[in-house]
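Per-chain residue numbering starts at 1, and chain names A, B, C, D, E and F are given in the order in which the chains are listed.
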Amino acid sequence: MPYVNIKITREGATSEQKATLIKGVTDLLETVLNKNPATTFVVIDEVEMEHWGIGGLPVEEYRRKIGTKP
Amino acid sequence: MPYVNIKITREGATSEQKATLIKGVTDLLETVLNKNPATTFVVIDEVEMEHWGIGGLPVEEYRRKIGTKP
Amino acid sequence: MPYVNIKITREGATSEQKATLIKGVTDLLETVLNKNPATTFVVIDEVEMEHWGIGGLPVEEYRRKIGTKP
Amino acid sequence: MPYVNIKITREGATSEQKATLIKGVTDLLETVLNKNPATTFVVIDEVEMEHWGIGGLPVEEYRRKIGTKP
Amino acid sequence: MPYVNIKITREGATSEQKATLIKGVTDLLETVLNKNPATTFVVIDEVEMEHWGIGGLPVEEYRRKIGTKP
Amino acid sequence: MPYVNIKITREGATSEQKATLIKGVTDLLETVLNKNPATTFVVIDEVEMEHWGIGGLPVEEYRRKIGTKP
């Protein structure tokens, strides 16, 4: 009965992409640990860009400075 | 000084219901473990339906397929 | 299908007390929001005393200074 | 720069299985959302059986009663 | 590679204040534990007032009753 | 009444260092947002090295491969 929380920055993930994440993580837990999908929860949080910090900066500033992928 | 986080799907819980959850959990911790309500935090997260997965599906699809209660 | 996380300091809660918390929170969610117990998860974390801070101090120091209940 | 937290009951997952979960979730986020593995964190929590409740019961009691897979 | 989650009530923190929190926490972890800022994540959650309970009450009611600072 | 959760890998942080983190984060929240230390919680989680993934690998493997600071 796993519980999985996925936090990503809010920048346009579609409903289809979110459903693919839910399916993928649930399948992974069944394949690797034989966990029952019926009691596997996946909760996605989309976090505002200004609420996510990395390198001591809000993520948009950090990306401008460093030039990384999301 | 407990900290309690309650995650539910966003589907119309009222302010009164949320206040009842806060009161109920706080009372429970005082009754069972003698925890001081003044340092008991309860944080409720309402999660968008498409952000909650169970059985490998977003919850609305899962309910249509299985016919469960929330 | 709620998910509840209860964090308390590790100071001797018994298995019976933990089971009472699980039962109490699950019942509360069924009573207040009609949530199905079969898809209600409750996860308890016992946190080491030196890992819990309040008032800018580890909790044991804080209690010595202030004289509060847990 | 996603952050993923996987909570499972502590019942013998091996280091290899945990590494497979880390790899699988990281790959999934890169495939579905083009997230950079170098800034994808995966944190696994193994939760004691008596700390995980479902159906209003600690999970071992629940399984005995219902007969579900983990 | 620390992960820090800061939960505050939603009551008007500015983008500048949030950036100051991100910078401050990241610096603290580098100073105290020599953690690399490039792999230090800080995620801020602003929680609706009616979703935060203390003393068994939603926080606004509690403040009216007790008269505390945020 | 903020709640802060700090997750770090378990690799020898001392009680003094943890107390310094608690003090530092609490002071930061008071300075930046005028939050009351008496209702500021800081919870530290030390995560086993094999439970923390980055770059699709458990952190120790990742460090060997990349040669980063913690």
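In the analysis below, a residue touches a chain if its C-beta (ideal position, glycine included) is under 8 Å from a C-beta of that chain, and two chains touch if they have at least 3 such contacts.
Composition by chain, UniProt nomenclature: A, B, C, D, E, F = Tautomerase.
Keep in mind that this is a model prediction, so the values were computed, not measured.
Think of each touching pair as a link: the shortest run of links from subunit A (Tautomerase) to subunit F (Tautomerase) has 2 of them.
Taken together, subunit B (Tautomerase) and subunit E (Tautomerase) share the touching chains A, F. If you compare D-E with A-B, the chain pair joined by more contacting C-beta pairs is A-B.
Sharing over half of its contact pairs with B-E by residue number, the repeated interface among C-D, A-C or B-F is C-D.
At the subunit C (Tautomerase)-subunit D (Tautomerase) interface, residue numbers used by both copies make up under half of all numbers present, so the two copies contact each other through mostly different positions.
Between the Cα centres of subunit B (Tautomerase) and subunit C (Tautomerase) there is a gap of 14 Å. In whole angstrom, the spacing between the mean C-alpha positions of subunit A (Tautomerase) and subunit E (Tautomerase) is 21.
Counting partners per residue, subunit C (Tautomerase) has 1, 3, 7, 21, 25, 38-39, 41, 43, 52, 54 as the residues that reach two or more other chains.
Listed by label, the pairs of touching chains are A-B, A-C, A-D, A-E, B-C, B-E, B-F, C-D, C-F, D-E, D-F, E-F. Against subunit C (Tautomerase), the residues of subunit D (Tautomerase) that register as touching in their complex are 7, 47, 50-58, 61. Those residues of subunit A (Tautomerase) that touch subunit B (Tautomerase) in the shared complex are 15, 18-19, 21-23, 25-27, 37-46.
Interface residues of subunit D (Tautomerase) facing subunit A (Tautomerase) in the complex, by the touch rule stated above, are 1-9, 13, 17, 20-21, 24-25, 28-29, 32-36, 38-39, 52, 54, 59, 68-70.
By the touch criterion given at the top, residues 1, 3, 39, 41, 43 of subunit B (Tautomerase) touch subunit F (Tautomerase) in their complex.
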